[in-house]
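Handing you this structure, nothing more for now.
All chains are identified by letter, namely A, B, C, D, E and F, in their written order; residue positions are counted from 1 within each chain.
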Amino acid sequence: MTPSTTNSTGHEDNRYERGWNKLKEIDGQAGERVIASLQNIAPDLGKYIIEYAFGDIYSRPTLDPRQRQLITISTLTTQGGCEPQLHVHIHASLNVGLTPEEVVEAIIHCSPYTGFPKVLNAVSVAQRVFEERGLLPLA
Amino acid sequence: MTPSTTNSTGHEDNRYERGWNKLKEIDGQAGERVIASLQNIAPDLGKYIIEYAFGDIYSRPTLDPRQRQLITISTLTTQGGCEPQLHVHIHASLNVGLTPEEVVEAIIHCSPYTGFPKVLNAVSVAQRVFEERGLLPLA
Amino acid sequence: MTPSTTNSTGHEDNRYERGWNKLKEIDGQAGERVIASLQNIAPDLGKYIIEYAFGDIYSRPTLDPRQRQLITISTLTTQGGCEPQLHVHIHASLNVGLTPEEVVEAIIHCSPYTGFPKVLNAVSVAQRVFEERGLLPLA
Amino acid sequence: MTPSTTNSTGHEDNRYERGWNKLKEIDGQAGERVIASLQNIAPDLGKYIIEYAFGDIYSRPTLDPRQRQLITISTLTTQGGCEPQLHVHIHASLNVGLTPEEVVEAIIHCSPYTGFPKVLNAVSVAQRVFEERGLLPLA
Amino acid sequence: MTPSTTNSTGHEDNRYERGWNKLKEIDGQAGERVIASLQNIAPDLGKYIIEYAFGDIYSRPTLDPRQRQLITISTLTTQGGCEPQLHVHIHASLNVGLTPEEVVEAIIHCSPYTGFPKVLNAVSVAQRVFEERGLLPLA
Amino acid sequence: MTPSTTNSTGHEDNRYERGWNKLKEIDGQAGERVIASLQNIAPDLGKYIIEYAFGDIYSRPTLDPRQRQLITISTLTTQGGCEPQLHVHIHASLNVGLTPEEVVEAIIHCSPYTGFPKVLNAVSVAQRVFEERGLLPLA
């Protein structure tokens, strides 16, 4: 495995553009709203999220978008206190083709590792997202 | 989605057995050693891990074993201080068919969410596991 | 200490029932509401909370219900972001006979270990619970 | 470095007074409100915050108030779930002379270490504080 | 509940002495070693631990030493990465009269709240302490 | 505050180079060893640390290197389990001109926020770094 420095340097100019497209594709309008909300206080932070999280990380091969969302849901559930980000990324999970049942299953899978309280908090966010999309009750 | 109480109650007697088989299938000898290490101090804890984590959770449908390991790696990386459990579950990830590259990719994917330090600690455990299996360097 | 596999297997059929009774005894209506809120999205998660947290763990001997609530308050205070669960379990603590002063003392005892911010957040939840029960001001 | 036991013992009687003055100087009315809110439930906790956090720690030499606020913002951002305390301490940071840009920069600096979600949550608190002070948009 | 400012101010001179005696009573030589280890780098930190954790908090009424150790074990288990402090406080728990079974039970009780990994790490510390005291296997 | 997209895009090609120089300047050989250790398993992760943490974040204006290290020490102390990274960054703190006393003070300042255990763990790393540099005892 050799570092992709040379290759990616060639694409450096595109990091922002590639990231912005990726963010819109995955997070949709919810993601755009996060970036917009930073304009009056920390626009560079929005730029870093676009460039690093989406232009670099989400644009990598090896794992597909659905696998990446499972990982994202797990890390956000585990951290606790990241309900706003869970809200964005549960929407994103459905956007990239995970079913509501798979989203809930990913959260439940965390329970032996991180305990019921954080899992309940994450399910509660999923509930809000599914309501917004008219997906409840799950059959 | 109706609760699976009735069904699973029918299988209650098998929770321990089902969990033990699942643990051996996924975690292999490393998992068995964790359970064995509890015998002189907290055997019931071993029983709960077998029954709840493996008999209940890992035995559920909706997500396959490779998806479950991606989620497990993410929650353990994010918590921090769970290096012994990461060691078991990176072995488990390879046991169920994830490639070393996918394991590393799952850890790297956590970096925008949980930061570089915990990601570095998890990669360091992966490095140890891959060395134990003669998989380094990744090409 | 031999594992209680055999014994508890004999009681396996009763885990859900035993847990449900324990949950109602300790958490009261607040606990029932948590389970009910999961019905349209993750009823199995409610089942696991009943069976594992209450049927298995809270039903164990060695520590009495008041000791268990002190431990629960400590772990929830320490995790942070578990205000909804603290709300349920501070009610539960009073239900099983802890005094409001003991609840507050348990939270204050965490301060050298977990710092003032999480302790303040937990006291704030206690304040809400005590108001709901007409217990303020503490004399 | 010899322990300052003797010296500080001489000042022991002043810990509460010194802390109270320091709290008012740094946190201002927001800090006083935190202490006041504890009167009906845990007044001793307020006393400990005054004596230990402000009378002991914030009154130490070696680091100046602006350096201390940078550290405080970093630890509160990193813990997650400490939005109420961040609110108090971002006000405090401005009170002791940090610029809004320095506050935001301190939060952004945490991003490679603690990830974007907690950083976004902290920026969101900063946004609220800056709005309360009429400081937005940052130019 | 009125703040105990006046009373405790009268005892201020004794905070260090009272704390030091309490630390020796509860933590024993392990606690003294922690303080001694700070002498060449941060003696004031040792002083604060003695004065605040032991002179103020552990010296409070309302909860007895065994209840306080249950809470301490829970907060340390939950934080993760506090194995050295768990080592000291599991010794302390036995010093104040908790049985090894109660210590293990307190740790197991955290499992529905904080997950198995941190619980396993804490049991592993308990195992080391019990071995040092010749208490294994638990019968 | 307008986003620095255009400017930094112009410098995109230099992110890696600028980051590498910054990493060597701040973290010195300890930082280089971290990057080197990733070559056989996750070289891209090393690249991201260089580009994002050092090329983007540490290269920003508004806070100087000593202020940034105070923030870094605080976030690493607070997270817990980041002892290897604390080791690198306490060395880095001395490299950029913080005194050992300021490093210890930054750690102690976290104690009211994050509690004594994590503070003790961080002081213990500082002790190791200061020993490696022959700086103990602090006078």
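The rule we apply is simple: a contact is a pair of C-beta atoms (placed from the backbone, for glycine too) under 8 Å apart; a residue touches a chain by one contact, two chains touch by 3 or more.
The structure presented is a predicted model; accordingly, all values stated were derived computationally and were not measured.
Of all chains in the assembly, those touching subunit B and also subunit F are A, C, D, E.
In summary, the chains found to touch both subunit A and subunit B are C, D, E, F.
Of all residue numbers seen at the subunit D-subunit E contact, over half occur in both copies; the interface is built from largely matching residues. Chain pair B-F has a twin interface among E-F, A-B or C-E; that twin, with over half of the contact pairs alike by residue number, is E-F. Centroids of subunit B and subunit D (each the mean of its C-alpha atoms) stand 40 Å apart. Work out the mean CA point of subunit A and of subunit D, and you get 31 Å between them. Subunit D and subunit F have CA centres that are 22 Å apart.
Among the residues of subunit D, those touching two or more other chains are numbered 1, 39-42, 44, 48-49, 52-53, 60, 76, 79-81, 85, 108, 111-117, 137-138. By the touch criterion stated above, subunit D contacts subunit B in their complex at residues 111-117.
Remark: subunit D residues 80-81, 104, 107-108, 111, 115-121, 123-124, 126-127, 130, 136-138 touch subunit A in the complex. Chain contact summary for the complex, subunit E toward subunit D: residues 1-5, 8-9, 12-13, 15-16, 39-44, 46-48, 52, 56-57, 60.
Taken in their complex, subunit F has these residues touching subunit B: 34, 37-42, 44-45, 48-49, 53, 76, 79-82, 84-85. On the side of subunit E, the complex with subunit C involves touching residues 1, 49, 52-53, 57, 60, 62-63, 67-68, 70-79, 85, 101-102, 105-106, 108-114, 137-139.
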